[in-house]
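Below are two complexes that have chain A in common, paired first with chain B and then with chain C.
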Partner chain A sequence: MNASLLNLEIWVIALGLVLMLADFWMPLERKRFLGYAAAAALAMLLVTNLGVCATGTAFSGMFVEDGLAVFFKRFFLVAAILVLFMSVEFSDRLTAGISEYYSLIVFALSGMLFAASANNFAMLFVSIELITVTFYVLTSFQRGRLVSLEAGVKYLILGALSSAFMVYGIALVWGTTGKLNFNELASVASQFADNKIFLFGMVLVLAGLGFKIAAFPFQIWAPDVYQGAPTPTTAFLAVGSKAAGFVLLLRVLFTAIPSVTAHWANPLIIISGITILYGNLCAIPQQNLKRLLGYSSIAHAGYLLLGVAALSASGQAAILYYLSGYLFTVLGAFTVICLVMRHLDSENISALAGLNQRSPLLATTMTLAMVSLAGIPPLAGFFGKFLLLKAVIQQAQVTGNHGYYCLTFTALAGVVISLYYYGGVIRAIYWSKDAPADLSPIMLSGPAKVAIAICIAGMFWIGLFPNVMVNLANEAVKALAR
Partner chain B sequence: MSILTYILGWPLLAAVALVFVPRNYRVIIRAVAVLATFISMLLAVKMFCQFVTGHAGYQFEQQIPWVESLGISYHVGVDGLNVGLILMGAIVAFAAACCSFEIQSREKEFYILLLVMTGGILGAFASLDLFFFYFLHELALVPTFIMIGVWGRGERKNYATFQITLYLSIGALIALIGLIALYLQVPADLRTAGKIGFDIPKLTEFFRNNPMAGGAQNFIFPLLLLGFGILVSLWPFHTWAPLGYGSAPSPTAMLHAGVLKKFGLYGLIRIALPLMPQAAQHWMQILAWLCLGNILYVGWVAMRQRNLNLLIGNSSVAHMGFIFLGIASLNLIGVTGAVIIMIAHGFLAALSFGLSGYIYQQTGTLEMGELGGLARKLPFVGPALLMAALAGCGLPGFANFVGEVTVFFGAWKVFPVVTGLALWGALMISALYMLRAMRNVLHGPLPEKWSGIPDASNVWRKLPYALLLASLLVFGCFPRLLTEKITPDAEKIVKMVTENVGGLVAGDASSRGRESAPSKQSDSQRRLTSAATEPK
Partner chain C sequence: MTPGLEHYLVVSALLFCLGLLGVITRRNLLVMYMSLELMLNAANLALVSFSRFNNNLNGQILVFFIITVAAAEVSVGLALIVALYRKRQTAHVEDLTTMKL
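Take a look at the complex of A and B:
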């Protein structure tokens, strides 16, 4: 067994434990600064990890370290660092247990790291549970707020249900094929392509993953949980948990059962199209900003599924590219929410009124984030959508399946609808009708400025110099077709 | 470094620099913006003068790889088609920056957006890479929305902002799908850097030798026509334009109506026509009739307007009809005329919106019922507005006349009925609404409340209008400056459209390029037979 492959995970778990222990000795007023320490530690891990490119498998093939895993691990580390910065800003709203909050984020991160390397259904399930269970706690962390508790309970019930589906599915797949390892399954999957029990099991597994990424018809939880959860939790849910769902989805569909997936173009097209339309249409009337972003995250799951439905390497690479742009964009938006709505209970869009006078930096960040989510150059979102659409149209021309053209135009309609509600947020910042209630300037701490600067730089860098990221994504997805 | 890179780089660089200037340094912010556009204009004039007429291929080229795996590169260059457009864009951008006096709040953001828009537009026209061509246009489009929303005027500003945002985004996205589909028509092994990729000259060359399949043409061409058509306010997709321009602050309206709108037309001429000749032949019949909607219907709507800005907005939509007619004629004279009107209308639209913005700034209204007799109070602005109106009616001496008359000569051979009707619209309708508007605004009794309004007093205020008027007159009196540059390249485009049509039934690819241009009628006959024999 090659335990050195797990170095990163071991360090991250150790960090989580240290954070919990530090709680005992740290004076109360200093506890919130543990977040910076944790972020710094993760940043160090990220930097030391950049050079290491050891590949291989461990635990008899359960754990795989390949290009895809490395790509996603870096992704999760960056996300966790930015979320920790955000949590420090948020800490004054948590009555107790701030260091537990940090350590839970780190544990969720370790679950995501394992998910990136999962190459076996058991591993898949364990890593998903590690992520989901920590998120149950993170979601309901503001015990005093009813919405937070409500969000936690909703997430718990639906999450437990989807886990049950998934275990049942895994049992059926194992029962029919006798394989849990993805590579071994790939070699026999084609024999079971007509086996109804096997297919039923696979559908149940995909349903569990669909819950993670909030794809139709498993998207119901997203708006409520996004709205109720503490803002850093929402941000981590939107970025980390979704990306973990996608890496597992890619591995299951394209490593474990590629021969079966090849027949699933039409169902994937339909799910992707409905997810896009559902997310975008439901976002139109939203007043609460976090709820709006919840629906928009459903829509973005739909866009990402374009790349899955394309069933091609360029589609998979587009997903990776899109996610990396999405990371900086969404975290930028949530950081602004976290800083602006510090003393507000409602988190309504109208609370952004006058933001450009209160803090031009935050106003600019929010505008850029909305513009990037809408997919407008020169920000990251545009090139991501371009790659996804290109992958879909390419597949349409290769296969002649007209469903892909319909999907392209559905995505187009979704983008146009989304411009309306993202534009509404920008309007609230710059030219809202209702007079702003509060015009006091917003003071930003140094680290918060750093986090925002990273998000802005990320949006511009990925959008203006896509070459590096496109090449990384192209390299990473080669691991899928082993 | 190509001079083109400097032309579009200065405004963008200045925009970045302005981010770091504190917001209360208003004079500096303004000076930086005006200076950057001024340098860019000087460079554009220099480029225009250095342009070698009749030189085969592109000039001032520069290419830097951007995304190698997809074959995207930063590639700029000019030929006869876009050299004039870039000059026009740079002059209008400078004029717009000068006219930005009227912006009194949040100047920093305004000038940053204005400079981004300028750089984006000039870049889109200079770009020889399909991806950047689209990318830079979108980059210029976004500031428009924010500028209308934040600095716009009128009660319906909010509605106008969202209408123009959604409408133009639909157009742009449809065009994007068309462009991606076009890129994917190239075989997969030629799509990387150094091969064909998104490079427009190489794509043109490739499709000249290997014409696209009929089915693909019939799929992609309508997408491009519809997408670009929406961006250019082709009837019946024009409704965003008058209200959008009416609500926009005047520098934005000048840049958008003058320059940015020409993007779709340029895209049609540069990309859609030469790459998809067979579909182009087919769709041009329809386009010719749609352009009558622009000329007659929108002209008719313009007659009913009571607001000066809405009138100018509608008349600007009507002028697009002449350009579409020139493109639809698919012959050398018509296409050359279309390019001339594109340039002339850029100056004209900028001038009209600039002047109406001045009047709005002084009076606070543009309702023609409330204005009157302003010529007495505005000895500079009034006559300038009158000259703009006369240029809009197509008076000889202004560049618009040259373009319109060329278009009619070109279109007469192909669409005599449409041309006859369009002529009526050009001569009668536009003269009617323009002169009536001038009577209402400039002549007649002067209402008491306007007795104190000042004229454009100092040189800085007069400069943008004088510059635009001078450009209109120069190109109107010496149209050869433009035509001799445009004609050789327009001829190439027209040749590609008319030569390649019979290609799919005519035989193998190699002989097709050297075929002499067959006559128009046999062409369309061949197209019909090919459409009948070829399964779609």
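Take a look at the complex of A and C:
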């Protein structure tokens, strides 16, 4: 056993505990600055982690530290740092428990770190539950607001339902094969490829993961929860929780049961296509900006599933690349929402009116984020979609499956539809019809400017110089094909 | 006749379906939540019986994890439902309609 592989997780959990304890001694007016301290500590962990490249397994193969795990751990750390910056800006809207809010974000992060390393169904279940249960609290954190509580309860019921499916699925898979470890399961999975109980169990497990990434038909919760939750929670849900779902999905499909997944191209194509269309079509009539981003996140889950459906290493690498671009884009958009809609209750798109006069920086960030989400060059979203579609078309040529061409067409149609509603947001910023009620300039704190600068730099860097990130992603997915 | 693995699995599947039925048909949040716990326990029963009949203890260990996680989930869930009840004086899903479209 090699417990030193868990150093990062141990430090992150210790940080969460320290934040909770600091609540006792910190005077009330200084509590919000704990967020900066937490972000700084995480940044330090990230920098130290960049130098370490230990690989191996711990706890008899339950916990694996390989290229994929390392890639996702850095991803989650960056996401948590940016979300903590956002939470400090948000903290004046939390009536109580500011330091609990920070420490819950850190605990959710630790769940994501464990998820990145999970190589066993028990580990998968516990890490997913650590993320989900923390998010129940984070979602309903504004106890005074009915929407927040309502979002929390909806997430709770549907989340618990999906974990019940997943647990039952794990029970069936383990009962038929006797294996919990993904690598051990991979060596026997082909014998069970025709076993109905095994396949049913696998489908239930995938249903639980589909809930995490908000893929059709498990996407019902996403719009309500995105709308009702506090903005930093929504941002972390959109980036961290979704990415954790994807890393587990990749491990289950391509490490645990590769021989079975090979026959699942068509169901994956159908789910991916429907998810893209559902997200994009339902986003069109939305007035609430966070709800719009909720539907757009469903659509993006669909795009990311393109890479899963491609069943190839280039598809998996494209997922990693796309997620990295998505991280900076979505966090940039939510930071702007958090700063602009500070004193508004509605969070409607119309509240962005006149933003270009109130704060040109925020208006630019929002525009860039929408352009990147829509997939217009030269930003990160364009090259990500390009790589995903390239992987799908390559696979179509290799296998001759016409479903892949239909899927490509569907994804392109989805991109065209999405131009309409992302364009609507940009129009509201610059060319709003109704005169904006409030033209007072928005003051930005220094750290908020830093967070926004990181998001913009990330969007441009990943979009303009894709080579670095593509190489990293290609290296990372080699871990899947062991 | 001594009960075999199939009998336990049938009971577990029945429990799971009953729980699912409860979540779908009942409209009270507390009853829905109870049904969810029933589904989790159906999985526990399946794990324990597989474990007993296959002579493999891993499943029983997993059951401990599931019970622990379910306890954490219940404490958060009940707190949430109580908070909602205080705010809204109701625990029915029909009343959760603040967010639409």
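One rule holds in what follows: the second predicted complex is superposed on the first by the 482 of 482 C-alpha atoms of A that agree within 3 Å, B and C clash if a C-alpha of one lies under 4 Å from a C-alpha of the other, contacts with A are read in each partner's own complex, and residues count from 1 in each chain.
Everything below uses one rule, namely that a contact is a pair of C-beta atoms (placed from the backbone, for glycine too) under 8 Å apart; a residue touches a chain by one contact, two chains touch by 3 or more.
These numbers were taken from a predicted model, which means no experiment stands behind them.
Applying the stated contact rule after C-alpha superposition, one finds that A:Val167 touches chain C and leaves chain B untouched. Of the two partner chains placed by superposition, A:His263 touches none, neither chain B nor chain C. Contacts of A:Val147 after superposition: chain C is touched, whereas chain B is not reached.
Using the contact criterion defined above for the overlaid structures, shared-chain residue A:Gly423 touches chain B, although it does not reach chain C.
Of the two partner chains placed by superposition, only chain C is touched by A:Tyr136; chain B is not. Between chain B and chain C, more residues of chain A are touched by C. By the document's definition of touching, of the two partners only chain C reaches A:Gly178; chain B does not.
When the shared chain is aligned, chain C comes close enough to touch A:Ile157, but chain B does not. In the superposition on chain A, A:Val415 contacts chain B only, with no contact to chain C. Note: no residue of chain A belongs to the chain B contact set and to the chain C contact set alike, using the contact criterion stated above. Those residues of chain A that touch chain B in the complex are listed here as 356, 360, 367, 371, 376-378, 382, 386, 389-390, 393-394, 397, 408-409, 412, 415-416, 419-420, 423, 426-427, 430-431, 433, 466-467, 470-471, 474.
By the touch rule above, chain A contacts chain C in their complex via residues 121-122, 125-126, 129, 133, 136-137, 140, 143-144, 146-147, 149-154, 156-157, 160-161, 163-165, 167-168, 170-172, 174-175, 178, 180, 223-224, 227-228, 285-287, 291.
Within the complex formed with chain A, the residues of chain B that make contact are 23, 65-70, 106, 109, 131, 135-136, 138-139, 141-142, 145-146, 149-150, 158, 161-162, 165-166, 169-170, 173-174, 176-177, 180-181, 183-185.
By the touch rule above, chain C contacts chain A in their complex via residues 9, 12, 16, 19, 23, 29, 32-33, 36, 39-40, 42-44, 46-47, 50, 54, 56, 58-59, 61-62, 65-66, 69, 72-73, 76-77, 80-81, 83-84, 87-88, 93, 96, 98-99, 101.
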